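Scrolling down, you'll hit the structures one after another.
There are two complexes below, and they share chain A, which is joined by chain B in the first and by chain C in the second.
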Partner chain A sequence: MKNARDMLVLYGLGLAVTLGGLVLVRAARPDGTPWELLLAGLVLLGFPLIHVVLNSFGFRGDGFALPVVMGLSGLGLMEIFRLQPTGMVRQAGWILLGLGVMLLTYRLACDPDRLGRYRYLWAAGATVLLGSALLFGTERGGARQWIDLGAVSFQPSEAVKVLLVLFLAAYLCEHQPVLIPHLPHDVELRALAPLGAVLGLSLLMLVIQRDLGGALLYFVIVLVMVYLGTGRADYVAAGAVSFLVGGGICYALFPHVRVRLDAWLDPWRDLPGVGYQTAQALFALGSGGIVGTGLGLGHPDLVPAAHTDLILAAIGEELGYVGVLCVVVLYVLLIGWGFCVALRAQAPFSRLVAAGASTVLGVQVVLILGGSLRFVPLTGITLPFVSYGGSSIVSNFVLLGLLLGVSHREEADRGVDRGRAHP
Partner chain B sequence: MESPTGRRRTAGWIVAARIHRVARGLVGLIALQALVAAYWQVWRGPHLAQDPRNPRLLLAEERVHRGAILDRYRAPLAQTQFTAGRPVRVYPAGPLFAHLVGYRNLRLGKTGLEAALDPVLLGVKRRTPWEVFQETLARRLRRGLDVVLTVDPEVQRAAYRALGGRAGAVVVLDSRDGAVLAMVSAPAFDPNAVERTWEALRKDAGSPLLNRATHGRYPPGSTFKVVTMAAALSRRIATPKTTFFCPGFVAVRGQRITDGEGRAHGPVTLEDALVVSCNVAFVQLGLRTGGQTLREFAAAFGIGTQLPFELPTDPGHLPTPAEVAGDGVAQMAFGQGSLLVTPFQMAVVAATIARGGVLPKPYVVAEVQTPEGRVAERHRPDAGERILAAEVAEILRDTMVEVTSRGTGRAAAIPGVAVAGKTGTATTPGGAPHAWFIGFAPAHTPRVAVAVLVEHGGSGGQTAAPIAREVLVRALQRIP
Partner chain C sequence: MSELGLQLLRYVLLAFLLLFTYRAVRVVQDGLRAAAAEEVARCATLVVEEASPELRGRLFVVTSGAVIGRSPSAEVVLPDEFTSAQHARLVVRGSHFWVEDLGSKNGTFLNGRRLEAPAPLEDGDQLRIGRVTLRFRWPK
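And now, the complex of A and B:
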């Protein structure tokens, strides 16, 4: 552990704030049982517990992200408890599952070679998942992106974003000599084909699944990772132009794309219709003001999807600008930490995985924070670690596990190198 | 290549600078959201919270014990009472404050201050989260904020009585700070019975629902001569002693403009022209002053613009430059033509002269207080903007005093108190002229300014001046 006492302070602070918040919610809305409070507390205690477990595995990386994510999860639990007490229990379960999956991913990511070796398995998995969603997917909230497995249903697109990072990192590493400039063009083009395919797929998702957020997310991941791997601005520019052209065509052809954009450009014009969600989010945020109405004392339930995509509006109404600022700061810390892990990594694959995972988290944050605040069009993306939703919680914990694994591996290698250099 | 992941090669080719760039961009975009959130929550927050389309307002209303509207002595003009557990909005003063206070009815909506002060009365504004939290814990019905007005019910009653059932309006301002002491519009209605009598009120040809004080548009007639004279004196186009010749009529654009009774005043100084309200002299003065200058001064007095006030007000109509080009200004010079004003605007004109040329910022809300009596907001005095030189205002005041001592406004004179005033008899197509009076008292240490309008009341000096007198007497007694 980096510094046991600092970590203790961070966890203590996070626990005190989130538990206090949960108690306030219960004071203001005395429905549900006290057991739910206890459960939330136990789940949050899982974070320091996992940290201890990691250390017992000989974790040498930087665990700073864990208390940060605990803070985000705690904020989410608070607001979900307030909006849907029963949903909070399920969310707590998802977080526990996420922590477990994170531990597993961490173990896998400690051996990056193996992760890289299965690159075509990741690609195949992503294709199958997306394909099945296209073929058998059921529609919810306007987007056909759910696979129903009887008792549970999940969003394949959430798993795909992780697989995409792994595949792209491995692919770029493998084809690095081809993708770097000064080589014949035919080779270059062939090597680019899979990347083009991913871009095409994301546009397809836009059209068939109506999952604008997912499409935008994949698109940005591909461009950023290609840029990181090749440093070629022309690839990025070509990709951006093709996506913009494709998006423009979609805007002209498909009403659901047009609706999203119109709602963004002017939510007030058709307030009861197209602009409803965006306008309600802004009303909630504005009614919160600087310090908010207080937990449990606002009306965030007026905002559609307040516990999932638009949870920022709920936080902004009840905790005010201060609460939103806290969310922003926590994300700045988390994403900043992720890129630090990438920068410290020496192996190309690890570096790309870490940078890619941080990008996925960061782009999601920008898209949904910006979407809630009418900075960009609102799309169906969850606020990582905060929004209600099993698929997104688990997949984001997988990304966190990857980052922790990379961090550990690099610090461990460094220690070995240092040991060799100074015997 | 031993390993596709290049484990043993260094990551040099994934240049750190690229990661830096991407990291900076993403983290920067996230941090930028803090500014975006500040825009919506801090800068636009109050507007969004009080936007009529914000469903929170309706929800809040169901669970709020609506605040009371009180007069300057804190007696209720509107309050919520509970009969059989159901909240009922009661207006103890009945029709007296019907237009100013307005009504709040679930079916008919809200008007007047009930509408304009809605967020305050509902307590959406200015409650600390702590107070809200306490109320929620105690399961109390949330209390809205109470509003204390500047109005004096006795002055209001005097004005209402003086109108004596005639259609018209009276606006009384404290000329020192612009506080509204009374605002009467007649005919009125009983806001307690508005739902029951709605159909009749809506169809009534006398338009009892219209607030004539703020939304009645009338030609100002001769009361506007004060503005014309102010413009001419300010631009040094004339002095009080400048002499005009009045043959009893003047022809402009082939139209014969006569004086009230068609009487020739002969040679008349500007001063005397105001005192006897000589149209012919003012037409000549207006032609010399010019339409553009006259428009400028009228606009400076707030004619043609919505005066800033707690209630929405009608801007009236300021003649367009085309309408007053050349000798088109002749009609405007004595307050006719396309010029239209509200009684509220004319009260502001009177108060401006009373204040030595400084335009007042009229207001009616003195304080906002919590149910516990803590002052949440207090009216901030605003000196207002000087639009006339003090010397010009002084000349106007002295001349207006003569109007009530030896001129058309003698019926407004009060023994022992110098009253400055100006009458107006505004001709209007279809019916008797509107009777006007504007003025203030005591002339040399003014406390109260007044504007009286009686629709189709005939001569201003005969109909409006006595009303102004009664109102001024009462107001001077009440307001020390």
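And now, the complex of A and C:
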């Protein structure tokens, strides 16, 4: 358990940064009402509040991620307030909902056996969700991945990434003895078939839905978790080869894949068209310099999707290199914390769930930070906890809840063991 | 608020953001140090190899700060005339146990060599204190 004073200092600093940022945004654009600032402050107070609630539930794990996520959410709130003042109120609501769902997930994850028992329910749920997006989905930005529920719309692919982690962890644990040793090929293939089926099905749906970021994310999750569960590099090599082949086929067949890759390789060739988004992001980052233009003083509104996927460009323009550096370091700490939780866990299922949840967070961060900086092709993925978007916020909080649950369960079990050894 | 005040607030904001990140890094660093110390402290033992018959074969579990000496208040009590009351001490620094002599009359010997300054210990090292020979056990 971390020092309570350190946590208090982090919460205080995170709150101060966010409120200062919101005041600056309001000073530069004096529309909106003061109660919006109050609302953001109250929502962020939810993080320490949840920490207190967890402790009163007898939480024994490591809650370090909570203030870090609060800092990231605060950065997101101030940039969203700056870009879309009305969106900030909704985002604050999503964060509140996310915190509540995180608490529920935490309670469930404290009993990992129950989570593992429903593995085929998770797989079926993922399939149904993706299928419903395909049948009833509405198209936005070239990707058909939204389900409209009247007032709010919902992105099933965000929920699927959580279900995928749970299913893979449970399935790999169950079949570990079959998958690890080198067995006759028919036995091995039979054990691998459900994995391949889930993977193929989700990828097929994503290709039809044109959600490239999601497809890439799922693919990496499956490869990493199969490797973590079995320790067999040949599965990963086979997956990587099939990825390259599949990527090549997609490049040849689908114009939207070609567009993304061309915009990455040379955004300047078709600046007003294909390369526009990538180029605007780079312009925004470039004009920010070391310390940025100051909140509310840049023009990040020129970047398409600046408040969702490309929020890093907005942060880079107005808070500069310093701001981007802080974001990257905070993610490194968060994901490192997740893998520490995984390493400390003794039960194979808990270990895989924690490692898988950390991988999902990490891959999202790498894909969208890399995409914003033209390090990898830009794909439609949100920056966890920072980007605007209800489905993304809630599902990432679910991952956080899983990690907190594993952490608590692990430390509680250790405490029992220690008590037995030295009565 | 005046323009100057706002400009000042912009820099203060960046400073606070950096401070927040720095504090978070420090928390992780402290946690890793504590975990390393815990790992080290968990399983180090001293086994008595050569001594008077009633002491021979005894095993002492040691943690950081353990004092070896004749005094009954020491963590590792060696009832031997050639051992000082507070003879030597084991402390965890970084990822190792270190042994330091506490100004003893007859000196502390690590693998047969007299200790001049604190030295790190490895699994299997031999310590001689007075007429007692101890084996340091610290399986990784």
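Observations, loosely collected:
The rule we apply is simple: the second predicted complex is superposed on the first by the 418 of 423 C-alpha atoms of A that agree within 3 Å, B and C clash if a C-alpha of one lies under 4 Å from a C-alpha of the other, contacts with A are read in each partner's own complex, and residues count from 1 in each chain.
Just so we're on the same page, a contact is a pair of C-beta atoms (placed from the backbone, for glycine too) under 8 Å apart; a residue touches a chain by one contact, two chains touch by 3 or more.
The structure presented is a predicted model; accordingly, all values stated were derived computationally and were not measured.
In the superposition on chain A, A:Y227 makes contact with chain B only, while chain C stays out of contact range. Of the two partner chains placed around the shared chain by superposition, chain B is the only one that A:R374 touches, whereas chain C remains out of contact.
By the touch criterion defined above, A:L204 reaches neither chain B nor chain C. In the superposition on chain A, no contact is made by A:A238 with either chain B or chain C.
In the superposition on chain A, A:V9 contacts chain C only, with no contact to chain B. One of chain B and chain C touches more residues of chain A, and that partner is B. In the overlay built on the shared chain, the residue A:W337 is in contact with chain C alone; chain B does not reach it. In the superposition on chain A, contact of A:C326 is made with chain C only, not with chain B.
When the two structures are aligned on the shared chain, A:L134 is found in touch with neither chain B nor chain C.
Contacts of A:L45 after superposition on the shared chain: neither chain B nor chain C is touched. Residues 27, 291-292, 294, 320, 325, 329, 336 of chain A lie in contact with chain B in one complex and with chain C in the other. Residues 27-28, 112-113, 115-117, 119, 170, 173-174, 176, 180, 224, 227-229, 231, 271, 279-280, 282-283, 285-294, 296-299, 302, 316, 320-321, 324-325, 328-329, 331-332, 335-336, 339, 342-343, 345-352, 355, 358-359, 362-363, 365-366, 369-370, 373-375 of chain A are the ones that touch chain B when the two sit in their complex.
Residue ranges on chain C touching chain A, taken from their complex, read 1, 6-7, 9-14, 16-21, 23-28, 30-31. Only residues 2-3, 6-7, 9-10, 13-14, 16-17, 20-21, 23-24, 27, 62, 64, 67-68, 71, 75, 291-292, 294-295, 319-320, 322-323, 325-326, 329-330, 333, 336-337 of chain A touch chain C when the two sit together in their complex.
On the side of chain B, the complex with chain A involves touching residues 1, 3-11, 13-16, 18-20, 22-23, 26-27, 29-34, 36-38, 40-42, 44-49, 51, 53-56, 59, 129, 132-133, 136-137.
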